[in-house]
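Across the two complexes that follow, subunit A remains constant while its partner is subunit B and subsequently subunit C.
Now for the complex of A and B:
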């Protein structure tokens, strides 16, 4: 369980609060989608939880352990963090060296290390690239390797900060499927940061942030129907709500509840006949 | 003859070694002056390699690359490649990671100064570039690192424009920006294309942007160009795109689902506005 209590934080040289008295509790094995526009505070809170931010007010507890200078390494051991730009976290000369890096730091015995690296690369579909140089990979392939590096550590909590931004749509869908399987297999808690609501459908909860505060905490479909809240907080409406909006302007009566794409098609087909 | 021509171009990584890997093969590619071309293909299909060839960062293993009046072949030297680059500006993924100067103005002026402009000339160009990307003058003396993600990206784009390229290559230029930031940046590029006549090559996975902005599309798969045409031509064949690991704009997918049920469109819609325009009269019972 992750407990965030009354966190307030401003970046150095900034007058505005990146986080403003934020409190939230995340249960074990929940899939959380953390959404909000650029600057809403979503990456900042993720970094606070991983002990990457200093000088905030409030308290963070991870699996019963209060986050402080003495516990930060133990807590970080439980968290796999995948950053937005994979170039910022590559260190190895080959893909497999890179994935092994975190394990080497933790003194994992070599036979086990080899196995975990292989397994992690297999999970993300990058086994055939094991001996390639990371710099020869495309952006999307790098993001997969970065994910492999995080899961090789067998964390309890996986935090992904816009970690699919460079994948193609199919790759993104595959990544979401991989996460779903991993979550079950390793009983993971997932915190996925994104500004794309279409990526949040698999989440148990969507946390919508703005101005360093929580604006909404709801199941995906419940949130999708709250179009004004989505727009007021700088996010793009899900596709079916965009279409509904255009049709409503023309004076067409529409159901209020959220319809996913297939339900929207059904509704249209019904009306067209 | 287009502004950019690739004639039968192959590119191999680490050729003649056990690690040889073919990144591109038999590429024929034409871009006309002032056009807006989208380059699509799944992760690892060769898009980034193609861009690097056009920018003279690498040279072909065989075949010929022509950019404006300059050529690169397997025997070109670095001086030839520099000539290619003169006409091309690239906005790489996460370009703001390359900002480094103390102020926005200095950062943007760095490129032209590096290419031999005087301080005064470089500053004038930098100011012009700031205006082009919609950064007001009060940003000039700020540190680029105090800006928001979207603003930092504008600074980085202004730095590319300060080199006064005729061709602008955009590699996933909106990755990591939120919806309003994405729309602003994409509108900016369209404006540069229409008002300044800058040729645009957009590398993207965002099919909505391809539908909205491009007038020509090239599809890459396993290092080969497997299809080219207008967005409407490309997106009309959803089945084929899926077989090539690509998706279509959501509108196209929704339209296809309606077609599968028995509905017919006179022309295939590509954007949400096009789809609703076609459906509204029917939904209102007008024929």
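Now for the complex of A and C:
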């Protein structure tokens, strides 16, 4: 469980508050989608939880441990973090070296390390690339390696900071599929930061942020129905939801639940027949 | 293209030399370079040339790769050899003009200097053709370990070296992208006076530096989130193994040393 209490934070040399008295509680094994436009504070709060930001006011507790200088490394042991840019988080010279990096840092004995690296690469389907160099991989493959590096540490919480935003649609889809499997298999709590609302459909709960505050906290379908809130906070409805909106205006009766584009096509097809 | 020059053209095939521990390869090739300077007659140079050739054949790497190693340095070699020939005196004088002269001693010295260059380049090319840069970095780390006693941050230096190696292709790509972006705006990198060309490099370097710093910051955050705290409380994924073949290689080098010093007596 992650508890964030009354966090206020401003970046150095900035007058505006990146986080403004933010409080939120995240239960175990929830899939949280954290959305908001650029500068809404969504990345900042994730970094606060991982102890990567200093000088904030308020309290963070992760699995019962209050975050401070003494506990920060223990808390990081429980959190896997995947960042946005595939190139800038690849530390190792080869795929297996990179997955091993976090294990090396935790002084895991080599035989166990070799095994865990292999397993992690299997989970993300990158085993055959184990000895490849990052320059020979696509962005999507690099992000899968980053996921393997996080999962090899057997974390309880996985934070993805716009981890799919630099990928092509196929790479993005693959990442989401792998995440779904991993969540099931390892009973993970996932916090996925994104500004693409169509990626939130898998989430149990969507947190919408703006100006460093929580604006909405709802299930994806319920949030999608609040179109004005979404627009007011600088976000765009997923394409299929926009279509639904237009169809509703045209007087066509539609199911309430969220449909992705494929489902939408199917539904329209049935309707037209 | 740039990457090839910097990466020492590692050729990923399997051979006895490829399988040697990078530490033994690094130490032995440095040792051989020193050894070359002890050769002092035809016989000893011929002997070292034969051992070099044998090593080259053992690598199973095509000879053209070795030629590519020598080619960039060919002008320096030729220049040095010519200076040796023209300026060293002694023996029979064949030709002479002002301070320049060609003598028998000069010719002999020229050939020796050429052989020295040739053998040194060939042996160091054996190292770079059969060892990935990363393993060379590992070898350097391992050999620097005694320096830990005098508080040299060996592990940090090694990690910096390996990260630098890992980011070379990334930054090369980036340079290419920036150059293309500038070309699209009408910059011409390949013509104009020297000053003009040097000036056109500045607008490449500035964005490259900015992005390198951004990358460094991202990387530092990512490393921290993955539990990197520096120091020596880390286990190692890549380990170096000293095998029987490495001992044999060292014994072989000792035999070469003995042979060389015998030939010096001739």
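Operating definition for what follows: the second predicted complex is superposed on the first by the 242 of 273 C-alpha atoms of A that agree within 3 Å, B and C clash if a C-alpha of one lies under 4 Å from a C-alpha of the other, contacts with A are read in each partner's own complex, and residues count from 1 in each chain.
Basically, a contact is a pair of C-beta atoms (placed from the backbone, for glycine too) under 8 Å apart; a residue touches a chain by one contact, two chains touch by 3 or more.
Here the structure is a predicted model, which is why all the values come from computation and not from measurement.
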Once the shared chain is lined up, is A:139 touching subunit B (first), subunit C (second), both, or neither of them? first
So, does A:228 touch the first partner subunit B, the second partner subunit C, both, or neither? neither
Which of subunit B and subunit C A:264 touches, first, second, both or neither: first
First, second, both or neither for A:247, with subunit B first and subunit C second: first
Please work out whether A:85 is in contact with subunit B alone, subunit C alone, both, or neither, and reply first, second, both or neither. both
Starting from the residues of subunit A touching subunit B, keep only those that also touch subunit C in the other complex, and list them. 85, 87-88
Subunit A partner contacts - residues on subunit B that touch it in the complex: 13, 41-44, 47-48, 93-94, 97, 146, 148-150, 172, 175-181, 205, 207, 245-247, 250-251, 253-254, 257-258, 261, 263, 272-273, 275-276, 279-280, 282-284
As the complex stands, subunit A meets subunit C at residues 47, 50, 52, 73, 76-77, 79, 81, 83, 85, 87-94, 96-97, 100-110, 113-114, 117, 133-135, 149-150, 153
Spell out the residues on subunit C that touch subunit A in their complex, using ranges where they run on. 134, 162-163, 165-166, 169-170, 173, 214-215, 218-219, 221-229, 233-239
Subunit B-touching residues of subunit A, taken from the complex the two chains share: 13-14, 36-39, 84-85, 87-88, 136-141, 162, 165-172, 195, 234-236, 239, 242-243, 246-247, 250-252, 261-262, 264-265, 268-269, 271-272
